Structures are given as structure tokens and as C-alpha cells.
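Okay, so subunit A shows up in both of these, paired with subunit B first and subunit C after.
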Partner chain A sequence: MSKLELKGISKSYGSSLIVNNLDLEIQDGEFLTILGPSGCGKTTTLRMIAGFETPDNGQVLLNKQDISQLPPYKRNVNTVFQNYALFPHLNVAENIAFGLHQKKLSKTETNKRVDEMLELVQMTAFKTRKPFEMSGGQQQRVAIARAIAPDPEILLLDEPLGALDLKLRKQMQFELKQLHKDLNKTFVYVTHDQEEALTMSDRIAVMNHGVIEQLSDSQTLYNHPKTKFVAGFIGEANLIPVNIANKETFTLEDKTFNFNHEISDSKGILFIRPENVSFDTIHDISLQVTIEDVIFVGNHRKYKLVTASGQKIIKTEDSSVALTKIIGQSVTIYLVPSLIQIYN
Partner chain B sequence: MKKIRAFIISFSAFSVLWFLYFPIFIIIWFSFNKESVSSFPIEHYSLDWYIKLFHNQSMINAVEVSFIIAISSTLAALIIGIPSAYALHKYNYFGKNFLLKLILLPITLPGIVTGVAMLSLFPLMGIPLSLKAVFIGHTTFLIAIMITQILARFKKLDPYLEMAAFDLGASPLQAFFKVILPNIKTAIIGAVLLSLVLSMDEIPVTFFLISRENTLPIEIYGMMRRGITPEVNAVATLVFLISSAAIFISLKFNKEN
Partner chain C sequence: MKNYDKYVLIFPLLLWLFLFLVLPYLFILTQSVLATDDFGKVVYDLNFDSYIKIFTNPLYYETLIRTFIYAIIVALACILLSLPLAYFIAFKVTKNKSFYYTLIVLPFWMSYIVRAYAWKVILGENGIFNSSLINMGIIDKPLRFVLYSDFSVILCLIYIFLPFVCIPIYTSFEQISKSLVEASKDLGANSWVTFRKVIFPLILPGVISGGTLALVLTLGDFLAASLLGGPNTLFISSIVQNLFGTSNDKPLGSAVGVVLLILVFIVLELSSRYEKKHETQ
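Our next item is the complex of A and B:
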């Protein structure tokens, strides 16, 4: 069942169109991430769900009800802000109770719920602390507890881990994922960090220039990016210019290969992940290259390859595989056809 | 080289402090002089002038008037100043910067100009020279003080706090009283104390608008015309102590957060 539906929403500031006729359906209980570079319109989209912005066109439907014109305080959705935005004059328990007071819960109910929330985010010991007496990670836990306490229909998270250091961010990713599982609540998460998105989400909506370029689960997104932008934004990718004569072949380095695609232009961009470039698994699509450099990157090694025409290609392989190639050596590489895409 | 520079810096700092505070120190000292002539050496110390001061009815009236004016104009400036500062902070509209400069002008404008201007205008508006006129005069420049102090705090306030309040179900009015106000409280207290002191000390605007009743500074000024009596020293000492205490507290509150 769809929990939240964005129907053709647009938003512009002055003459710049930030969100362009965007459609998005979010399922009940789903962890959906809106991923994109800064300025792609992801935060504006989240703000239109929260009610901080009103769309110029289109509808925001929550449980099939149009809420697009409601102010934020009349929407049953709560936000976790990137900078936490905890109320500095209130302590941890009072911060969490804020939304409950607004809902006019009785004192005993409020106290019970606050204690529940404190336990959920493991902050019971910090109950009477003021925000400035806590670290960033602790403040973030309180911010999450405060947003969940009023039991919103949807929890919105606006780059909530952006201000934390790498190690803490990894741990919080894991905890948020666990929290999502335990609460069985719909999460809409906004981030520019593709790794974070891949790790946590049920589905990812990749946004660019105000539109969703692709909406799919992590694996599909990684292995079969629909557009050149998605291919380049998620993970590492080789994007190689090719010539096209018909829809059954393409030409690379003066060699023509059989490959079915949808491109009608005379030029295209071939996409292949560095780990899908192979030295020894033989496929039809092969190229002669020279090894320019080999770089050791911890768990994998990276080959910088160059074709006769000067096209650079990256290949990676597990560092546990024995290194048999040397710099300057000429080798044949094979591209796995099922993991190739061709874009305009 | 470094030593010479340090010497020059500390020498000039001490000279400035000396010029500022030595006369005040002398006044405080003389206020305890038993003799009515201010001259060294002081032979007998006493609190006579303070006792005399507390029996001076016109002085007591002046203090009363000053308090009434200071409190009422501060209150009026507060009521006008907080919403104005909020609007100036939150909304963008045509001519906002110009408006802000216009509001700040009374701070930089010589009091004498404001005083003369009001002196010519108020009778035309049917406001006679009176404490009412003084109240309006003080309120106008206190609004400027109030708005600058509170606006400065608004600018430091995290805009996400208000958003978080809305997000958790607070209406704009509830958000203002439950979240914004508690977080600008210290700035308000500071601005109030500063306003009280400024109103208490104000001469030029008051001078033009006052009728029969005197405020404290005008009363002191009147006493001075009959020659410096140690009673003036005693008043000055008290005014100095109260003002510095208020300024000190106001600075402390403004530093918080």
C-alpha cells in the first residue's frame, strides 16, 4: 500500500526550477532514500513532504489525503534535522516530550513514552542533560528519539549523519537500519552519500536537476544504472565513448561488436564497472590495452589501462589474487556483456 | 623591540583608563568629605552628604520621575521592539535594509537634534511639554537600542529551532513562546537593563521636552548651576554605582549563549 505519494510536484525559487514535475510513490514501512548531489532538489522535496515548502504545482498525498497545503504543525510527519536542532533551553527528556505536549498527552503517558524513547536510542543515562553537554552522536540520538516520540506516519531524515565522523556514521547507519526494522515505520532519508544510501535503503531514488533519474533497489541501481548520470554518481564506472551504426552493434577501437541496445544516435557512451573488466574470463567483447599503472588500495588493486587510441580504462581485482602483470605489459581485457550498458 | 611595543600598548591603555575613571574616582572620594569645599587634603570623612541627599525632597521627586520614565519607556520599547526585531529578522521585504538604517538613526543622531525636532513637533500634535513628551522621546531612541540588541541575538539563533518546533506540532505563536522567547531571554534582559540605564542618564532629549518636573540628571544639572556641592558628588557616586552594576549585568547576559 502506498503511504506517501508525490504527484507531479514542482518548486522554483525565482527563475530556477528546483523540483521539476516529480512523481514518487513510497510504500508503507519502506526505507526510501532520496540520493543526489547538492542542489539536485532532494532537500526541497523532503521539505515539501514536511510542510516547510509548498509545491507550486502537484500534490503531496499522505494515506491518499492531499496534505500539500497544510502547514508543518498540522502534518503527522516528523523530521530529524542534519544539525539536530535540539532546543538548547530544554534537557533531553523535555526535548523528547515537546511533541508529546503538543499532542496533549497526559503527564503519565508523556513520561512513559519519553522513557521508552530514551531506552530505544540508549540515552536513558542522559535524561537530564542539556544538548550542549553532549557529543554530536548523542545529540543525534536524542533528535531521532524526539522525532519518533509523537509516533509520526512517516519519519523524514535530512542528512542526519552528515555532521558525524566516519566511524560513528557507520555505526549510526547500522543502528538506524535496526531502528527501522524494529519500528516498522516508513522512513524517507535524504543524503548525498551514495554508500550510505546503498547500505541502508530498501529503495533509492536518484535525483538530478529536480527529477528522479532512477528509482530502484540498491543492487539494480549499482548493476544496471538507467542513465549516464546514475552510472557516474553511484560507485566507480568506466564511461567509454563508442560509435554506433545500428541497434545490434557498436564500434570501439575500430572493432565492431554484436550488442543489442536502444541508442539511435551515431555516438554513445559504454558503461562497465571496473570489477567487470576481466583479464582471463573470455567474452566476445575484448580489447588490447597497455598497463599504465597498478595501485594497491587495501582490499583490492586498481589497474590503470590505456588503449591504442589513448582511451583510459580502470580495472579492479581482489588483492588476494596473485599479481602476475607488470607495468608496460600489453594485455587483452574482456568486458562482461550482461553488465554493459550503452547510453546516449 | 617587543618590550617597547608592550610598554607603549599598556601605557596608552592605562592613560585611557586613567582619563576615564580618575575623575569619577575623585568624585567618589570627595563625596565622603565632611567639608563643603572640595579640596585636598580631606581632613574629616563622613556620610553627611548622603544623609542630606536622602532628606532632599526635590531630589527624591527627581529620582521617582526618572524611574517612572525609565521603566515606562523601556516597557514600551520592549513591546514594540521584540516583534519589530522578529519581523526584521524573519521576513525579507522591499526596503528592509533602508528601514533598518532608519531605525538605527536615533542612536547616532545627536540627542540635541532629536530633542529640538520633538520640541517643535509635539506642540503641533497637541502634546504639551510634559513627562508624556519625555516618555515618547525616550521610547523612540530606546526602540533603536532594543531592536539592535534583540536582532543581534535572532541572527545567532539557529533557524532550524523554529522549524523543529513547527515540525513537532507547535503553531507559529506556540513556537515563539515555547522556543524562540526562551532562547532570546538573556538578550532581552540585557537590553532592558541597558535601556533603563540609558533612559536614567539621558539629558539632551529630556532637556527640551521637560516642563516643571525634573528627571535626575536635569535635577543634578540644576544643582551644579548653584555651584558644586558635595551633595552632587554623593548623587553622582550613587548613579555611577547603580549604572555600572546594570551595565555589568547586561553585558553578562549578552555574553551568554
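Our next item is the complex of A and C:
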């Protein structure tokens, strides 16, 4: 069942169009991430769900009800802000109780819920602390507890881990994922960190220039990026120019290979992940290259390869595989056809 | 040697403060416990008659209390006028903020006396205020109570001390992060609840310090009362001025000054304690 639906929403500031006729359907209980570079409109999209911005066109539907014109305080969604936005004059318990007071909960119910939330984010010991007496990570836990406390239909998270250091961020990613599982709530998460998106989300919407380029689960997104932008934005990719004569073949390094695609132009871009370039597993699509350099990167090894025409290709392999190649050596590489894409 | 350098830098100021602040205060304090002879000359005879007079003669203690009440009225009025004005400039004005800010500060560039006289022109029998009301047909005869009365003095004091209150309140508003307002609305609070439960507590230190300033300045002001006050307008500072002048009772004048000073210290201490209690950083 779809929980939240964005129907053709647009938003512009002055003459710049930030969100362009965007459609998005979010399922009940889903962890959906909106991923994109800064300025792609992801935060504006989230703010339109929260009610801080009103779309110029289109509708925001929550449980099939149009909420696009409702002020934020009448929407049953809560936000975790990037800078935490804890009320500095209130202590931890009072911060968490803020939303409960607005829901007119009784004093005993409020206290019970606050204690529950403190336990959920493991902050019980900090109940009477003021925000300025806590570290960033602790403040973020309180911010999450405060947003969950009023039991919103959807939890919106606006780059909530952006200000934390790497180690803490990894830990919080795991905890947030766990929290999502325990609460069985719909999470809409906004980030520019692709790794964060890949590890946490059920589905990811990759945004660029105000539109969603691709909406799919992490694996599909990684292995079958729909557009050149997605291929380049997520992970490492070889993007190699190829010539095209018809929709059954493409030409690379003067060799023509059989490959079905949808491109009608005479030129295209071939996409393949470095780990899908192979030395030994034989496939139809093969190239003669020279090894320019071999770099050891911990758990894997990176080969810098160059073709006769000077096209550079990156290949990675597990460092547990014995190194048998030397720099300067000429080798044949094979590209796994099922993991190739060709773009305009 | 290095340690003495910093004292060299503040020595001129310390000397200045000692000569023109500490010494006069000590002088006043000493004089307040002395007496006068039949000709009003201060004689060295240690006694507390002046203080006893202040707390037994209604002229003194009642005026002191009334001045304090007037000071509270001025401070509250300044706060009430500043809140919407500062809120407007901080949150609603998007361009030319500094222009509006300058408008608040502008009266500082004119002399106090000129501004006080301006009220004479406005409130006088043939002034703008009365003639406008007559022309609009609201009244037949000029209202006389508006000038040379407690009303005109308080009005002038509110006008003169408004910037002192407005500026700290405006600064407090400016320091409130927009995301706090959004967080409050996100959690279900409408604009009024957001103001009451988030914005107001956060600007309270600014309100307190601005209000304290207006309160303290009013307690010590005598110019407004002497320029715009009526025959029955009595501010405690006018009494002090009188005691040092016409009445020529310097010990009593000093004693009133000392009591006033203690009152001001109490107000400042209470206000700074309150601010410490509500620290958020």
C-alpha cells in the first residue's frame, strides 16, 4: 500500500527550477532514500513533505489525502534535522515531550512515552541534560527520539548523520536501520552519501536537477544504473565511448561486438563496473590492453589498463587472488555482457 | 615585566574611573551621614538622620516607590512596543534589514533635550496632537492633561529608552535559528504556541537586559520630569536635584542618591542572576 505519494510536484525559487514535475510513491513501512548531489532538490522535496515549503504545482498525498496545503503542524509527519535543532532552553526530557504536549497527552502518558523513547535511543542517563551539555552524536539521538515520540505516520530524516565523524556515522547508520526494523515505520531519508544510501535503504531515488533519475533497490541501482548520471554518481564506473551502427551491435577499438541496446545515435557510452572486467572468465566482448599500473588498495587491487587507442579502463580484483601480471604486460580482458549498459 | 604591560594599558581608564566615579561615590556616601548647620553648611557630625527621614517622611519614600512604579511602566511599555517591532525586522524583513535597524538607532543621533522639546510641540495646547483631535471632531477643547503631567513624562521616557530595549531584543531574535522554529511547527505547535514555548524563552535574556536598562535609566532620569512634568510631577531624581539646589540639604540629597543606587544594584543583580539561570550555551 502506498503511504505517501508525490504527484507531479514542482518548486522554483525565482527563475531556478529546484524540483521539476516529480513523481514518487513511497510504500508503507519502507526505508526510502532520496540520494543526490547538493542542489539537486532532495532537501526541497523533503521540506515539501514536511510542509515547510508548498509546491508550486502538484500534490502531496498522505494515505491518499492531499496534504500539500496543510501547515507543518497539521501534518502527522516529523523531521530529524541535520543540525539537530534541539530546543536549547529545554532539557532532553522536555525536548522529547514537546511534541507530546502538542498532542495533549496526559502527564503520566507523556512521562511514560518520554522514558520509552529515552530507552529506545539509549539516552536514559541524559534525561535532565541540556543540549549544550551533550556531544553531536548524543544530540542526534535525542533529536531522533523527539521526532519519533509523537508517533508520526512518516519519519523524515534530512542528512541526519552529516555532521558526525565517520566512525560514529557508521554506528548510527546501523542503529537507524535497526530502529526502522523495530518501529516498522515509513522512513524517508535524504543524503548525498551514496554508501549511506546503499547500506540503509529498501529503495533509493537518485535525484539530479530536480528529477528522479532512477528509483530502485540498492543492488539494481548499483548493477544496472539506468542513466549515465546514476552510473557515474554511484560507485566506481568505467564509462567508455563506443561507436554504434545499429541496435544489435557496437564498435570499440575497431572491433564490432554483438550486443542488444536501445541507442539510435551513432555514438554511445559503454558502462561497466571495474570488478566486472575479467582476465580469465571468457566472454564474447574482449579487448587487448596494456597494464599501465597496479595499485594495492587494502582488500582489493586496482589495475590501470590502456587500450591501443589510448582509452583508459580500470579493473579491480580481490587482493586474495595471487598477483600474476606485471606492469607493461599486454593482456586480454573480457567484459561481462549481462553487466554492460550503453547510454546516449 | 610582561605582567605589568596589561595594567599599563588599562591604567588611564582606571585612573579616570577612580577620579570621576569612585571618589564622587565615596564623597556622596560620606556626605549622606553628615549633618548641616542652620545655614545649610555641611558639618562633620556623624548621624543617620537623613536615612531616617527618607524612610519616615512620605514625601521621600512615596516618591521613591512611585518613581519605581513609573520605571516599571516605562520598561514594560518599551518591551511591549519592542517585541513586535524587533520580531518584524528579524523575521519578516528580507531586504534592507540595516535600513530598519538604522531607523531604530536614528533618535540617538539627536540630543535628549531636542527630543524632549519635540514632545512639547506635539503635546502642547496648540500642538499636533490636540489640533488633530479637534480637527477630527473628537474633542472641542485642547486636552490639557497630555502635557506637563506624569503622562507626558512617561511618554517621553518610553520614546527615549525604546532603542535601548529594542536593540537587545532584536539581537536575541536574530540569534534564533530558523530550524528551531521549523522543529517546533514540525512537532505540532502552531505559530502562537511556537512563539510562547520556543521563541519567547529564547529572547527572554534580551527582554530582561533591555527592560533592566530602561528601568535603571528611568530611575535616574530628571530631565524629562523637569522639561515635561507638571507642578505635581515628582520623580526621585528631581528631589535629589532640588535638595542639592534650592533646599540646600546636601546630606539628605546624598542619602536619597545612595538609596537609589542600592535600589539600582538590587535590580541589576536580580536581572543578572536570572540571566545566569537561563543560560543556554
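One rule holds in what follows: the second predicted complex is superposed on the first by the 344 of 344 C-alpha atoms of A that agree within 3 Å, B and C clash if a C-alpha of one lies under 4 Å from a C-alpha of the other, contacts with A are read in each partner's own complex, and residues count from 1 in each chain.
Note that a residue touches a chain if its C-beta (ideal position, glycine included) is under 8 Å from a C-beta of that chain, and two chains touch if they have at least 3 such contacts.
The shown structure was predicted, so the numbers you read here are calculated from the model rather than taken from an experiment.
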| item | value |
| --- | --- |
| When subunit B and subunit C are modelled together on subunit A, clash or fit | clash |
| Subunit B versus subunit C as contact partner of A:Lys130, first or second or both or neither | second |
| Partner chain(s) touched by A:Ala197 [first = subunit B, second = subunit C, both, neither] | neither |
| Touched partner set for A:Leu46, first subunit B, second subunit C, both or neither | neither |
| Contacts of A:Leu35 with subunit B and subunit C, given as first, second, both or neither | neither |
| Contacts of A:Leu287 with subunit B and subunit C, given as first, second, both or neither | neither |
| Set intersection of subunit A contacts, subunit C complex versus subunit B complex | 50-52, 71-73, 78-79, 81, 83, 85-89, 98-99, 102-103, 146-147, 150 |
| Residues of subunit A defined as touching subunit C within the complex | 50-52, 71-73, 77-79, 81, 83, 85-89, 98-99, 102-103, 130-132, 146-147, 150 |
| Sites on subunit C touched by subunit A in the complex | 177, 179-180, 182-190, 193, 197-198, 201-202, 278, 280-281 |
| Complex contact set, residues of subunit B against subunit A | 158, 160-161, 163-171, 174-175, 178-179, 182-183, 257 |
| Touching residues (chain side subunit A, partner subunit B) in the complex | 50-52, 71-73, 78-79, 81, 83, 85-89, 98-99, 102-103, 146-147, 150 |
